[in-house]
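Have a look at these structures, which come just after this line.
Next come two complexes, and both contain subunit A; in the first it sits with subunit B, in the second with subunit C.
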Partner chain A sequence: MRLVQRPSPSPLSYLYAAAGSLATSIAVVFAFTGDPEKSLQALSTVDPWLVARIFVIVGIIAAASLLSYRSGLWNIGQEGQAVVGALAAVASQNPAEALAAATAAAAAWALAPALLRAFAEVNEAVTTFLLSLAAVSVARYFVEGPLRDPGMRGFIATYEAPALSIAAAAAIFAAVLAGIAALYRTRLGLSLRLLASGEEVVKYAGRSPRVYILLALLLSGAVSGIGGAVEIMTREAGRYMTLQQVSTGFGLYGISAAWLGALHPIGSAAASLYIAWLYQVAINLKILGLPAQVANALVGTAMAWGLAGYVLHRYRVVWR
Partner chain B sequence: MSTTRRDWLKVVASFATGAVLGAAGGYYAGLQSIKTAVEKTTTSPTVAEAPKTQIGLPKMKIHFIYVGPVGDYGWTYAHEQGRIFLEKTLCPDPDKWCIVETSKAEEVKEEQAYSYVKNAVSGGAHMVITTSYGFMDGTKKAAAEHPDRFFAHCSGYFKDQQEWSRLQNFAEYFIDLYEAYYLNGIVAGKMTKTNRLGYVAAFPKLPEIIRHMNAFLIGAREVNPNVQMDVVGLGAWYAPENATRAAQALVDINGVDVLAFTEDTPAVLRVAEDYQKQGKKVWSFSHYSDMSQYGPNANLTGQIVNWGPLYVEMAIRAYLAWISGELSIWSEWPPERPRDYWWSMKNSYAYYDYKKNPTDILPLNPAVPDEVRKYVEERRRQIIEGVWDPFTGPVRDMQGKVRVPDRTRLSKDELYNMDWYVEGYRQLPP
Partner chain C sequence: MALEALALGAAKGAVPTLLATLGAVVGQRAGVLNLGLEGVVYLSAAVAAALGPPWGYIAALVVGTAYNLLYYYLSNDMALNQILLGFAFTMAAYGIGSQLAQPAVGKPFEKPPITGLEAFAAATALAVAIHIMLRTRLGLAIKASGDDPASLDLIGVDVYRVRKIAGVIEGVLASAAGAYLVLAYYGSWTESLVMGWGTLAVITAMIALWNPVAAIGASLVPSIFITLSYALQSYLQASPHLLNTVPYLVSIAVLVAVQLATRKTRGKTPAPRWLAKPYIREER
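Our next item is the complex of A and B:
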């Protein structure tokens, strides 16, 4: 078996990938419940509020991811940038301030990898990933110290972040998507996308690739930060961070949605909705008493299918 | 609602709890008394819909929500053992003698608590038990929305009196290990040759862990005033690699020969066992469950917890309140602090049986000399009987300030919010 580059990319491959992921998920659910009625229950029980919330969070982080991947840059530190954004939200008094603070803080968090990539050619995948581990330690410092709520008695947790309604969160998501669509129609956006074809291409276009590398990574980081802030502010209960649970795992889901959605704003939004549904199925499975690993693996397989779609988009498989 | 019926149900609750948890073979006596209660009390609508056994006992669905995986050998593992104990005790014969049906969801993220609780309730659960601090607000919110169901949350608190009286169907519970740590400390103080103890702590600034470290050190210094203790923090409940490295550093660099820890794996005990195999006497303990298989030579004793009996008591109370509609059976218990179970060794049912006490120490390692054994057993009995407490004054903090005056004890809140360190620490994390 080998891969042969297609003369022209095949957008159909993403549809196949989505279908494949759906088939895998349904098969996994059937295999582990071993009962059609239970499977149907696991697949069809939906809490619209929960799905809407996960959809918006994953969607925003998917948008952040595609801002980086469309420029050929590998930001995989969305989780850390989201944690920093959530921390900024916790430190704020109202949602508007929280969003501004989260944007600034997460962009600042992405600044170091962006500078290192632009000026020292340090691989951004490594630095962003390592910084997302560092974000957990930084967040713990704030949870234990400056942001600790003394009113929590014998527990160490932060103050509560301001509350944000799901409708407002959806509006923010729509604004992010519209912003990306508008950006990619400008000259600036064109140069950002050109970066994916190689730094030389940008150079030949008479522009400095460094500026665009910086911009792409900072934008990606900032939008991830918004995702983190929206996550903590839309919780129905417990809008604070505890020492035990700083990271929420939405970074990975966002990356999965971006790949599964063909790195297209609309596509990744659709994929986010699909992942939100998988998330609900995972919850249903856990409530049915299935091992957590099975439930968690569902979203993992979605990511694998997304990457498969990306590969098949450009290459075709030759079996001989 | 006659007062006599309510009083009678309260007697049934106490009797049934005592019977199923006490002597062997008490299962049926306890369940029989519950069956009589079912027959004599009018039932509420959710009881009518519930599945029943052949002899007409309605089954109450209890759903557990865990923060970790059930196989982690720590916190969630212990709760899962409690759930299994509950099911075995109150459902010995699923077709006939059975009043509960339990289910669980593991590895639930803290911020999703509310969704899980809501889902469990719409799936028919009559009682939901959540076992992580971060689940507190979500569980309370669901409790307020479903006054006809029962909720119990582990390791939280009521914000104020109003919240407490508003959430009649909601209880807080916790089992604390400080007395067991104190007894472990006595053994450590007697067994150390270097007079240096080490403590590997998940979160050394968490009041719960400060309390445990302090109690451990108080025990050690009670029998050996020359003892000093060094602490290393991990920043995670589950961190076997870091715990291993920390334990090795404490032994090799700080000269520690007894290692206590609060971490969800037997990593530290394994380190001690490795030294024992190399001929160096380094000791450690079991934490949370019996870990002696990981350190048969190095395991001095340990602090273990049995959630089962507490779950049985809460389930029986909730069950009787559920079938009769008499909420007070549930809401006015335990009498000293209603709906706020803060259990420790003092709340032992089957005195001196370490497998049934809410928390206890394991039988001591054969290497422990007899006079130490005798002293530990004496203190253990005094604690179970309530005549001794590790934090009995005078207790001074590191600065020499008296924190517990002579002949007094600390209240629950003072224990719960402990943010000071007793004298005797040599090295604390910054």
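Our next item is the complex of A and C:
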């Protein structure tokens, strides 16, 4: 089996990838339930509010991801940046302040990997991933210490974050998408995208690659922070963080949606809806008494299919 | 006395890092930046925890190596993005592994009676063996696949096969690290116990400048600080959660120092030139 270059790129590749992921997910659900009726129940039960909320959160983090990947930078620390954003939201009084604080805090969290990448050529994938493990520890420190709500007595949890309606969250998501679409039409956005072709290309275009590396990673971090803040603020109840419930796993979900959506703002929004449905399926499986951890595996394979779509866009597989 | 205990603890903790680092050195020399290494360590540790001492070691090696080989197949033969596929493999392993080892939570294992120094000496011997291996024909092919796969291909060597061999070596070493972590180092399993070790190994391989002998020293970096942060918890008033982040931050700092120090001699450093770039035969 080998890869052969296509005469012209195939836009259908991402549809194949989505179909492949859908088939894999259905197969996994069948394998776990072992019963067509139960499987159908797990696949078709949908809570529209839950799916809407997850769709918005995953969509925002997918937007953050594509901001980094379209510049050829491999930020995989969205999870940690979202945790920092959620912490900032918990520390705020009202939604507007929470969003501003989350943007700033998450951008600051992404600053170190960005600086190291721009000035010391340290691989940003490794640093962002390690920092997202560190973010969980830092958040636990805040849960126990500075942000602990003394009103909760024996229960160790933070203060409650301000509430945000799903409609407002959807408006924020739309604004982020519109912002990215507008940004990529400017000269600045063009330079950001040129970075994916190599730092030399930006240099020969007469610009400093370092500035754009910093900008792309900071933007990606900031939008991830918004995602984290929206996640904690749109919960119906329990808008606080506990020691066990720091990390939510939406980093992986967002990255998967970005790749399945061809790293395009509208495509990634569509893919986010699919990922939100997968999340619902995982919850249905949990209600049926099956392992909840299947969710990570389902979304992980969805991401692998998205990466395959990217390859199949330009190459075809020849069996020989 | 306290210092001696610290040295023993650091040596014992450096063993899994050294094993996984050696794996990462071989893999990265072959041109593959495998962030799924974290997942391989985690999954093999979970398998070892689920089965317990005698069979756990063997099953961990088999499952971990197979998982790593699948990653190598998808990221090289199928040219999927190495970094993001590795991330997906890590997250999937977190999910599958924590589910597999669920029954083992809170059940301590009988640890084998080895001291840190013995284990470290064995791992050091392995590092020397890898160093020698990299000077054989196979080792040369592995290094060439990371530096100039097109030329390797032109002299008639199958780059994908060489990389898969490197992937098997890496998988065996990383799974051994995972099994050791659960069965010999901690002697118990919780969901988040073995997180981070694989990623630290990816970093220590870079700190060692992809040299197996230098990896012996580099693997001590996170280990010393992990042991130190355990020891300091009883003396310092600092939050244990903040102390947990110290090994990560120190490893990143040392990596930055090494990168900056070798900057002047960039042309001579052994950084594999094709690291994290897919090799597609058609584009040769």
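As a convention for this text, the second predicted complex is superposed on the first by the 312 of 320 C-alpha atoms of A that agree within 3 Å, B and C clash if a C-alpha of one lies under 4 Å from a C-alpha of the other, contacts with A are read in each partner's own complex, and residues count from 1 in each chain.
Basically, contacts are C-beta pairs under 8 Å (C-beta built on N, C-alpha and C of every residue); 3 or more make two chains touch, one makes a residue touch a chain.
Predicted, not measured: the structure shown is a model, and the values here were computed from it.
Once the two complexes are overlaid through subunit A, subunit B and subunit C clash, as defined at the top of the document.
In the superposition on chain A, contact of A:Ala237 is made with subunit B only, not with subunit C.
Measured by the number of subunit A residues touched, the leading partner among subunit B and subunit C is C. Within the superposed three-chain model, A:Pro291 lies in touch with subunit B and with subunit C [touch as defined at top]. By the document's definition of touching, neither partner reaches A:Ile166: not subunit B, not subunit C.
Shared-chain residue A:Ser137: touches subunit B and subunit C both. In the superposed model, A:Ala108 makes contact with neither subunit B nor subunit C.
Once chain A of one complex is fitted onto chain A of the other, the partner contacts of A:Trp74 are limited to subunit C, with no touch recorded for subunit B.
Of the two partner chains, neither subunit B nor subunit C is touched by A:Ala196. Legend: residue contacts after superposition of the two complexes on their common chain; A:Arg153 is shown touching subunit B, with no touch to subunit C. Judged by the touch definition given at the top, the superposed model places A:Arg2 against subunit C, while subunit B stays out of reach. In the superposition on chain A, the residues of subunit A touched by subunit B in one structure and by subunit C in the other are 137, 140, 144, 249, 291, 293, 295-296.
Within the complex formed with subunit B, the residues of subunit A that make contact are 45, 47, 50, 137, 140, 144, 153-157, 231-232, 235-238, 242-245, 248-249, 283-284, 286-287, 289, 291-293, 295-296. Listing the residues of subunit B that touch subunit A in their complex gives 63, 67, 69, 103-116, 118-120, 123, 132-138, 140-141, 156-157, 203, 205-208, 235, 237, 413, 416-418. Interface residues of subunit A facing subunit C in the complex, by the touch rule stated above, are 1-5, 74, 76, 116, 120-123, 125-127, 129-131, 133-134, 137-138, 140-141, 144-145, 249, 252, 255-256, 259, 291, 293-297, 299-301, 303-304, 307-308, 310-311, 315, 317. Partner subunit A is touched in their complex by these residues of subunit C: 33, 35, 38, 74, 77-81, 83-85, 87-89, 91-92, 94-96, 98-99, 195-196, 199-200, 202-203, 206, 239, 241-242, 244-245, 248-249, 251-252, 255-256, 259-260, 263, 276, 280-283.
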